[in-house]
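One chain, chain A, appears in both complexes that follow, with chain B as partner in the first and chain C in the second.
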Partner chain A sequence: MSEEEHVLELLIGPQHPASGHMRLVAKVDGDVVVSLRPDIGYVHRTVEKLAETKNYIQIIPLIERPPLADTANHNLGYVLALERLLGIEAPPRAQWLRTLLAEMTRIHSHFYGLGIHGIMLGSSTAFMWAFWDREIMIELAQRLTGARLTYSYMIPGGVRRDLPPGFEDEMDKALRYLERRIPDYHKIFFDNPVTRARLEGVGVLRREDAIRLGIVGPNLRASGVPYDVRKVDPYCAYPELDFNVVTREEGDSLARMMVRVGEIRESINMIRQILKKMPDGPILEERYLKMIPPKWKEWMAQHRRIKLPAALISLRPPKGEAVARVEAARGEAVYYIVSDGSPKPYRFRVVSPSIRNVVLFEHLIRNCRVADIPAIYGSLDYFPPEADR
Partner chain B sequence: MMGLLEWILDLLLSPWLFVPLIYPGLISAFAVLLFIIWFERKLAAKVQLRYGPLYVLKRLGGAIQLVADLLRYLFAEPIVPDQADRLAFIFGPILLFASSYIAAIAIPISYDFYAFRSEISLLVVLGLNTLAPAFNLVIGWGSNNKFGLIGGLREGFLITADEIPMFVSALAMAVLYGTMDLVRMVELQSEWLWGIALNPLAAVTFFVLMLLSTSRFPFEIVEAESEIVMGPFTEYSGILYGLTMGASYVKLYVLSLLFAILFLGGWEPLPPLEFPGSWLILPGAVLFLKALVIMCLSVFMRAVYPRYRIDQALRLAWHYLFPASILSVFLSLLVLSGWSI
Partner chain C sequence: MTDRRWSSPVFRLKGHLDAILTGAKYLITPRATVRYPEEVIELPEGYRGFIEYKKDICISCGLCATVCPANAMKMYVERAAEPGEEAPAEEVKPKRYPGINYTRCIFCGFCVDVCPTGALEHVETHDVAYEDFNSMIYPPGEFAAGPPKPEFDTPPRRLRPTMDERRGIAYEPAD
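Let's turn to the complex of A and B:
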């Protein structure tokens, strides 16, 4: 038989329960996937072009939209780039608060990924549990920032709010609860013989390939490459934190999942350290703090939050360009801004971790079973809107 | 007038009408369907820290949610795709549902109440029960959808992998009891021990194969939502979809009744109660409760396991369950020889 006669082209998505906002064009021979091509771009929202029409401060909410779930890390990446352009640096306490929210976001983003992976394998229990436990960090982030997901918490020169009263105790309770929960996940999902059978040795990404393809984040670390921007190019409070880069050697779907679980544990430790070591002081850069009238300053001290000074709203960075990178939950995110001295960026560029990992679909989902498509997809924690931007 | 009423009652209570129509046939199958799907959702919700069905009859925890769903299915438009094979598309689900429950007619509900008693009633139940998956293939092919086709083919692979070991492990019990008459089997179990104690291997094998053949987790492979949308039923809507969804539960119901008779002593032991109609109601209720426990256990697996890949399920069936079912035949022979000594 010729190839056309026994190869079936399967269009998975965009109207499919497990495709996400994208289409996977799979060529299937019997139960074996011969090749798979991801067709992305269904949720392209012209974030980069839109940013050129907005004031710098307006871009913060904009760039939080695409990588939903992992908002704070992308917020941080943009703000760091902007601060480099402005030549300012946030005061120490703001740096620590930023790190705190970034790690909280990493926890709930990883739970989100684990939950989606669970339902892709058919474990509705893992899905429901992960989405519930994610809610705990979201609730605490809401107390800190006032929003569930799109925090817009980090602003050039600092953060919007200080820790609310009683936050440390609540967080301590939450962290202890999460630590108690992780063994439950092991029992019902991670160590479930069916999960193991579905994930072990499935979609193996070798170390050389991971480096050659430019993979980032947990997917890279699961292949045994200890690359983490938080260690390689530390920012905010990370140099002062004691944490390990979680790596696995196997490079299969299970390893990718377990790296995320390990990172949740590391983030829990980091949050403990942050709350213990956080320095006192202002949460906005001195230059902007000086512009705030004394009446507002009183109000700010009373409510532990910032009133945005007018100078921040119409920022005019000097002519030039700046780049910043952060370790977002899904991997390295790069922000690049070119300024022509006007209140709007001349060019704005986002390289999100998902767009760098999308190549894995084609690379990993080949000569495997149809049922392995969602198993591998879920293990990548790929998020189409983040890739499409 | 009285004569007519009595005649109707007699007719309804005559086994050859009561068994296929009321219990264990159509009406009780529907009742079980409504209960077990609600129970499955409620149980999974309990494990998953949520409420499950709640708002339809809140006082009973949303117990009639499935009635509401069924009504919705009834009034929704069943869309027949343009390119589908109309005959196969429309009659597939109806025949699938019918063939799923038809095996219930050969199941006795007491020593003297059955539609027919046969020397080979076990084979009749097993044989009729094998009919249903064939219609999954027809549906998958007829709906002219690639996911449907893959789902149908998956069912095709699984039929042979689950029905053959299932036959063998059921026949292991026939070897043990020395008969294929279900009534006689219950009689023998009340004299000896329950089948599950006599041949636990056959019971475990049969139970796992039940999960496999009725597409319960971890073998929910034919409908696997994240892979092939809804398998053979992808294109269905309205009441036709309702039928396809109910069919596997009805098949589970029939197999659970068979499991209760083969391994759990059927309608024995009877509680020592006397009331009008107790000759029929008591054994029926005991058998029903045992089957219900088995069904609840089967649907609970949803909260515990993800799903296997089809090649893993086939390997499990052919490499482990098939040899286990053959071993269970030898175990039966061993028990028999031990008994005679």
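Let's turn to the complex of A and C:
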């Protein structure tokens, strides 16, 4: 038989393998994957085009939909770009509250990724555990924002709610619980010989390839590149926080998983620092605060919430463009807005971390076994809706 | 760099045993989830659930319908009396009131936050099952009649979640 006849084209999907619909087109020779091409776009939601038909504030719930699990970080990226366009800056306390929610979201988004990775490897224990521990942060975020995932918490000029009473104590207990839990995760999943055998040395991404392909986030840091937007282009309260950029040298699937675990630990430390150092003060920018009538100001202080001034719902930023980037849980997210002076953006662009990491499917899943496809896929924490937008 | 220890069968056996023992330890811990229709988790104060509408203090400004990102809130034109009827001019004049379409609502709460008189407020319920599509659409009159209430065959036990160092979230009876 010729070389050609050995190779079979295997269409995996379109289906919902674990997180959003996609299709993988694999060329297999027996059990060996010769090449693999991701076929994306099944969950495209026209976010960029839809944004052109909406007021600036209405875009906030819209951009939270694609990266579900990691909503607050994307919300933050958009709001930072919009604030640059408007020439305003949120007051210090609002900046710290934003950082708090961003880190809480990072923890539950990483647990989500770890759980999905677990079920892809066939470990339903890891899946159940991670999805339960994710619930801890979701419950606390719900008390802070009023919603489980789609917080719409950050608005131009500030945030919508202040810390609820007793939040610090509850958070402290939650963080101590998570810290107790991580050693058990090591025993049952990360240091389980089955997990090690499935992940170690599988899908190795070399440092120079990671840089050449423009990989972002934990996937990049697992290949030994200490690149983190929170350090290289700090925003909100990050310059005042003491944290390490978690890196690993190996670049294999296990390293990518362990970088996420390390980041959960770092986020736990960061939340402790945030709650200790958070300054007092208003949570909405002065010019908007002035528009709120005095009777509502009392109500706001009592309920620890803000009232949206009518000016915020029909924002007309000056002509121009603005770009902002944040370190979302899955990597660097870039938001770009072009304004023509009307209440709707002329052009809106999102570069999400997942679309920058999708190239890894083609690059990493080559000359490996068919069973390695889910092992590598899960380790990338790739989220199709975030990539398709 | 692969950890060399993993090439030793003894070390791997220890890894398997650790995993099994950890699993066994969690066999005796209480269940994390609640049995939903019999037990209901109490949602925190300020939860963005269904919306309560107080028509008497509504000033018909329409900000809620303007801000709604999902077009769920819509202003309906209403007249207290039809033109031509024997009625004061004030009642014949059309007035606009918001109605809500819960098939579209995403519970972002912007309408509640923007309402200048506080005529809109969230309630802390979210679990209502509808039998048909149209009953999820509330014109102003029905909207003002109050938010939908969940119905249970037997009154459920209400549980309040609190953070717990050992279990993550512990549920305590709320009443």
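The definition used in the following text is that the second predicted complex is superposed on the first by the 382 of 389 C-alpha atoms of A that agree within 3 Å, B and C clash if a C-alpha of one lies under 4 Å from a C-alpha of the other, contacts with A are read in each partner's own complex, and residues count from 1 in each chain.
As a working rule, a residue touches a chain if its C-beta (ideal position, glycine included) is under 8 Å from a C-beta of that chain, and two chains touch if they have at least 3 such contacts.
What you see is a predicted model, and the numbers here were worked out from it, not measured in a lab.
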Query raised in the report: Is chain A touched at more residues by chain B or by chain C?
Result: C
Query raised in the report: Should A:I188 be classified as contacting the first partner (chain B), the second (chain C), both, or neither?
Result: both
**Report entry** Touching partner for A:L140 - first (chain B), second (chain C), both, neither
**Finding:** second
Query raised in the report: Touching A:P14, do we find chain B (first), chain C (second), both, or neither?
Result: neither
Query raised in the report: Now for A:S152: first (chain B), second (chain C), both, or neither, which partner does it touch?
Result: second
Requested in this report: Applying the touch criterion given at the start, work out whether A:R198 contacts chain B, chain C, both or neither, answering first, second, both or neither.
Outcome: first
Report task. In the overlay, answer first, second, both or neither for which of chain B and chain C A:A371 touches. Result -> first
Report task. Quick one: classify A:W132 as touching chain B (first), chain C (second), both or neither. Result -> both
Query raised in the report: In the superposed arrangement, does A:L308 touch chain B (first), chain C (second), both or neither?
Result: second
Query raised in the report: Should A:K54 be classified as contacting the first partner (chain B), the second (chain C), both, or neither?
Result: second
Report task. Take the contacts of chain A with chain B and those with chain C, and give the residues found in both. Result -> 125, 132, 188-189, 192
Requested in this report: Over in the complex, which chain B residues touch chain A? Could you list them?
Outcome: 44, 47-50, 146-147, 149-150, 217-218, 220-221, 224-229, 302-312
Report summary line: So, in the complex, the side of chain A touching chain B is made of residues 8, 10-11, 16-18, 28, 31, 118-126, 128-129, 132, 188-189, 192, 194-195, 197-198, 369-374
**Report entry** In the complex, chain C residues that touch chain A
**Finding:** 1-2, 6, 12, 15-16, 18-19, 21-23, 25-26, 32, 43-48, 63, 66-70, 106-110, 113-114, 116, 118, 122, 161-169
Report summary line: Residue positions on chain A within touch of chain C in the complex are 54-55, 57-62, 125, 132-133, 135-136, 139-140, 142-143, 146-147, 150, 152, 160-161, 164, 170-171, 173-174, 176-177, 180-181, 184, 187-189, 191-193, 196, 200-201, 249-250, 293, 299, 303, 305-308, 310, 312-314
